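What follows is a pair of complexes built around chain A, which joins chain B in one and chain C in the other.
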Partner chain A sequence: MAENGAKATVTLTIDGVEVTVPSGTRVIEAAEHVGVVVPRYCYHPGIPTRPAQCRMCLVEVEGRPKLEPSCTLQAADDMVVNTASDTARTARQSVIEFLLVNHPLDCPICDAAGQCMLQDYAYVTNQLESRVDEPKRIMGRDRISDDILYFADRCVICTRCVRFMRDVAEDDSLIVAQRGDKAYIDTFPGRELDNPFQGNIVDVCPVGALVHEDFVFKARSWDMDATASVCPGCPTGCNVTIDTKENQIVRVKPRHNAAVNSWWMCDYGRKHLVMTNRGVRAEVPLIRDGGGDGDDGGELRPVDWATALDWVAEKVAALGAPGGSAVVSPDASNENLFYLRTLLDRLGVADAAFRVPQGETAELPTVPTLKLRADRAANAAGAGFFGGRRADGPPDGPAGGALVVLDDELEGAGEDFGGSADFFLYLGTRLPGPARNADAVLPIATFAEMDGTFTNFENRVQRFHQALRPPGLARPGWMVLSRVLARLGDGEAVNDVRGAFERMAAQAPAFAGLTWDGIGLKGAPAAGSAAEAAGVAGPAEAGA
Partner chain B sequence: MPGDVKVVERPRAESSYVRAAAKGMSITMRHLLSPNKKTQQYPDEKWELAPRTRGTHRMAVHEDGRAKCVACGLCPTVCPVNCIKLVPAEDESGERYAAIYEIDEFRCIFCGYCQEVCPVEAIHLGVHYENAEYSRERWVYDLERLVEQEHDVTALWDPQDPASQ
Partner chain C sequence: MSFPHGSDLETTTRLSRHQGEAEARTLEGWRARGGYEALRRSLEMSPAEITEVVKASGLRGRGGAGFPTGLKWSFMPKDDGKPHYLCCNADESEPGAFKDREVIRWTPHLLIEGCLIASRAIGAEHAYIYVRGEFFEETQVLNAAVVEAYDNGLAGDGILGSSWSCDVTIHAGAGAYIAGEETGLMNSLMGNRAEPWAKPPFPAQAGAFGMPTTVNNVETLAAVPMILENGADWYRQWGSEESPGTKLWSCSGHLVRPGNYEFALGLPLSDIIFDACGGTPSGKPVKAVIPGGSSTAFLTGDELDCATTYEGLAEAGSALGTASPIVMDEDTDIVAAMRRIAQFYAHESCGQCVQCREGTSWVVRILQRIEAGDGRPADIDTLYELCEQMTGRTICVLADSVVFPLQSSLDKFRADYEARMKPTLVAAG
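For the complex of A and B:
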């Protein structure tokens, strides 16, 4: 069938295993289909250019006199590739020997140790001795941008960083200066590296040559726990991995998701994510139950959860449906918003205002879905699903009725905010001034301290997981609200996010048909969102 | 009354303590007068320890007095009882160093792994045994104290026979 026309697939043999791949696939990628990871430095799946310059990925192809770089070699029918033949191994070992000629081998103090491709390959190729007597050339370290350090001696000149900037970010301020053993990475003379996506060069660096200043000497790779999460910086919802050590976030790295952020994320997101967990937190439930001197007034006093929940449930039951208003955070998870909506419906509160801070936008030219968007909130779309109304300006309390606030900082609210409400319930991660007017304060966990989902700008529902322990008595919002509702005879108290998500999927049309496990680590579109995938953030319930 | 109690009559020669006491005294006298005394006059006389004795730690220093530790984190990682606390930091010249380095000698089992794993030969066990303290807290040795120790460091293996064959 394949005279001249392009065939859709090709079949080749790699290390004795036959594999069929789409034509045009490079051998290095085809090898991954059979579970063989060919060592590589210059090749990166997210960077389009393949200079085949590191020569680490050489493989033997039957019938060809010389070894071929598998990162550029196209898979072809009947090709027989051997990635582990003696010649291929020897070639790889020689490359490592060459790289180690001037390498400082300061793994004990290098931040890449344990996650370093030079360390790994030196180990597997068993290149233990050097045949060079000359002293190593020493170049020292340099600051390549205001937040990235460059340890020139550790660089293997794979040019991934230069090519990420040039070919992915379309910014040519990074270059390879000099040649041969004097080569190093630098900014173009007279230029500065100042790109909103430059942090990714640290992630693509296969060794410890590029290090974020915030991370230098912070943690050894084996001391960190990695948790799959989602960046809450903007509605794009880049998939990330949060590295934690001793209940602190020490590093954030992008996690590959072809539908959202490809291999990358922006620098704003990295910083923002770390900051979301800083600051003084609300740690204990507080209620204003009169504290002994009558039913009204009195101080907020700390109580245990059972007392707080009983009291709040009693209050809500007594109120009936007085109406009122609510202020919600567009950073709250879908589950938190769903449970809050259920409670608000009980109270007869229809309106839930959310305010979205705005910021500058930034685009990564070659990845259209990845853009730092002006909305600086993780889940404005989710807030929209649950009857939220986008608002501007400071919130004002209602005159009478119930007032419920979900984790809004209440910036700009008056000193007597909520004073005229019959019942003011504040659920928050922190305790800003106006929240002290509340009748009950329930401390909740930040997104990094619990499991949950966000809905991104194209209504893609994405899971994040608990990376940290919440401080004090703070607990996930859905856990707390499900208990208030359970005390009112509405559903069960849930302890597991699956239970919360299941109830949401059963009751909220936008989440119909989705399951926690079904969403997986890559997310799934909300019901009826396919049609509006163009980027409209808003309620998508209509079609479902 | 419970059953019958059997009363055994012993001959006087056996039940008297005089004989036994006299025998004991004679042994004491013999040792007292013997030239071959074994009692060690501690603390005036100290034990001589083998070079591979594993006792409390000592940190090696550079010529300028800085601890050699580069805060690589290998010893806290390898330590089977988790008794080493390390917080790495960057000094003025951009070098990595241990801002906090503490060993809880109470918890330490003196396995010597820390010395073996250290890439810069900084931490060592010591040929040392006099560790009495008035409080438990004093058993947590900080970097300053580890640097000040003066006793010999442990030889983990015999240089003539590194594989112990």
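For the complex of A and C:
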């Protein structure tokens, strides 16, 4: 019993199954506890307002004369709900028929086809023929912002987009204009849609009415693969799904995580991620072993991995622990940083500088954890765990000793960067000019091309998964470094991120107690982190 | 002539007795007619006592639904520490109804007085009169009356020297039928689109500005002062047990004397149509009557003996609604009339609920086709089924408002529809 005397839970029956839910739970949510997803359009779990206007989630409640919208109906003790009675099903079927009265049925050219709630429910309700024999109302399409198109004819006026802007982003620039069957979505007269979170209106659209212009006509839903990932745009680490087609990222959508980004992500992250894998990449291991042409130890020459790894291991073994310095990318994964630290310790290199580009911040008012943060890097926290030092200004190479660079683009570095180091090892996804001074260049995969983890701003460790094949011979950093170390007698070569994560969890105190499977797709706080102290759900609580 | 006028039938002009008298518009003229005496009396009564009198009088909401007014007032929470509001629904938009505008135009102080008494009964600190946007003259009249009321201590702080205060604000609507639905009205009042909201929350829980609110029709509130002055029994001398009192009637259509009338509830509908309004100008028989405004079911010329009470018209298969009969003589094209009614509702649908947004305009397109002589027998079945799917499934009753006349016209005038159907070719031999 709660303090005010109200019961903490209620028990009701939905489709013949008894279920106990917290008081105040709506029937549409209670139904999900028994595995029943009541069809819906205007209801969205992330949008607080529930106008109950699409009339799709109507259910039959014993003892009530009319069908009730399950999105607003509070579950109550002894309530008997039937979501699939004849009356409820007929009502739903009629909603679909009504929605198709003016719908252009342009599924063959609609970007939502295959992922469309109107299409799905039309199939479910088995409406293969239409009784509508009247001319359709035609409205056409509109550009409602720089990057979002609105196909008015496909719109079901669920107002999820308007309510996301108004109630979640607290921006009232999007409205329903006109009324009746002439109603459409538009910007308020004289206002523009230029909110840093507006891309979410496309994700909440249950049909193909709102489409990002950079995605329009680009891929059919069934041609895309979806991969769970984490946005690397800033330390927030929004959980995302990366949609790929033919080894290209074509679309990014937020993935629900109540502890991080709720249902949303910012537009910067969305665009940043789509652009991640563009540009010329380092694809082949290069070494300067005197085997090439030219003076001064010869030119960098392409070799196979076995040759490159053998040669690098040999050099490292020969160097001993000369000291020196390292430059690391704050976008590197925890596993890459861990293996690099192991190698650096062997070389006696304590200092690892990382530079974090800065940018504008943006907040989503109703979701405190979701914020585009000034740091434009995914894993500054992880870099900090492995002895990284936040630095400003261009990197400078050490005088003598070892120089190891992990995927830093070396912007601002001098032409002879690393020239005075005894051994310069460059591991990178690209090959910027100063990296050509290296004694060995080992091509590695981007985060989108491998499995791994990032540590977000509140030290939450979150998994991302391989969405793309790496180009050429590029391989995940942890895979490459574990092989260098294995050749030096330090551990085994790992082929699976689990092996890399396990070794990291065993050796790095910040990851103590975490397992790859345990942190799951929602992440878990690092050991002793602020998030853990604040009681953010870890793997044990979340029930993995 | 649109204010109530005499007729061959005995009228009972109580609420409307000063309509047509220009002086009644002014405070001085209104006071000379006993105005604001009921307000003075109400100040000596407790809110619960006022509610009791109105409850006992059996006054029912005159906006169409006929909900008992005293009962509605008693839903307002007591001593909850929140501001309460009264909204007077002067967004009279029902096709056929033109009674509220006459109350406002001739007796604005009667309405203000009714609003103040109701506000006192429900503990409201502010009464909003939401006037239909097209009622330009009425808004001006009301504004002038409100200024007079404020200037003479009848509104605002310390009304009639008492410690009770209540503000009165005239709010001009922006022109939508749906702003006359109570939650749509409150949304419009708050500056939102006039979209009805799904109840709960009920207005008495969280209405205008999220606070307990009561929404009453103009005629309802205008009846309150005379009930308070003369008592519940006096009011009950007219009408039936379930429908006491007098009622304004807006009669239109094919009538010799269309216009506003006030009758005791309970007269036969045929008396109103034939005796008071003089029957059809053409002298032809009445084919159909929509008795309560366009959202009520059709009655045929043979069904006009019913008593004009809430229960009497319900028994006859229609509704008293706003008591605005639209009379159609024998030459009327029912399909065209129904098409026009459906067009109105399709135009006025707010567009939230799918059944209403898409259904009303689909009905219009089918009716247009039938009207043009391109109908098919299956259309009638489709229309019946649309009626079923549009009933009781939406947030408000706008969709139902098309269904009542449509379904009844199909039931009662099916031949009119069938006569418009395209002849079907029958395969030879």
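Please note the rule applied: the second predicted complex is superposed on the first by the 520 of 544 C-alpha atoms of A that agree within 3 Å, B and C clash if a C-alpha of one lies under 4 Å from a C-alpha of the other, contacts with A are read in each partner's own complex, and residues count from 1 in each chain.
Here, a contact is a pair of C-beta atoms (placed from the backbone, for glycine too) under 8 Å apart; a residue touches a chain by one contact, two chains touch by 3 or more.
Being a predicted model, the structure only gives us computed values, none of them experimental.
After superposition on chain A, the partners chain B and chain C are seen to fit next to each other with no clash. Contacts of A:V21 after superposition on the shared chain: neither chain B nor chain C is touched. Of the two partner chains placed around the shared chain by superposition, chain C is the only one that A:E134 touches, whereas chain B remains out of contact.
After overlaying the two complexes on the shared chain, residue contacts for A:A380 are found with neither chain B nor chain C. Of the two partner chains, chain B is the only one that A:R220 touches; chain C does not reach it.
Applying the stated contact rule after C-alpha superposition, one finds that A:V95 touches chain C and leaves chain B untouched.
Looking at the superposed arrangement, the partner reaching more residues of chain A, out of chain B and chain C, is C. Seen from the CA centre of chain A, chain B and chain C lie at an angle of 90° in the overlaid model, rounded to the nearest 10.
For the pair chain B and chain C, the minimum alpha-carbon spacing after aligning on chain A is 18 Å. In the superposition on the C-alpha atoms of chain A, no part of chain A is touched by chain B in one complex and by chain C in the other. Every residue of chain B that touches chain A in the complex is listed here, in rising order: 70-74, 77, 88-90, 94-96, 119-120. On the side of chain C, the complex with chain A involves touching residues 176, 178, 193, 195, 197-198, 200, 346-355, 357-362, 365-366, 369, 378, 382, 389, 392-395. Residues 107-109, 141, 216-218, 220, 222-223 of chain A are the ones that touch chain B when the two sit in their complex. Interface residues of chain A facing chain C in the complex, by the touch rule stated above, are 50-56, 58, 65-67, 69, 72, 90-91, 94-95, 97-99, 101-102, 131-135, 137, 156-157, 176, 178-183.
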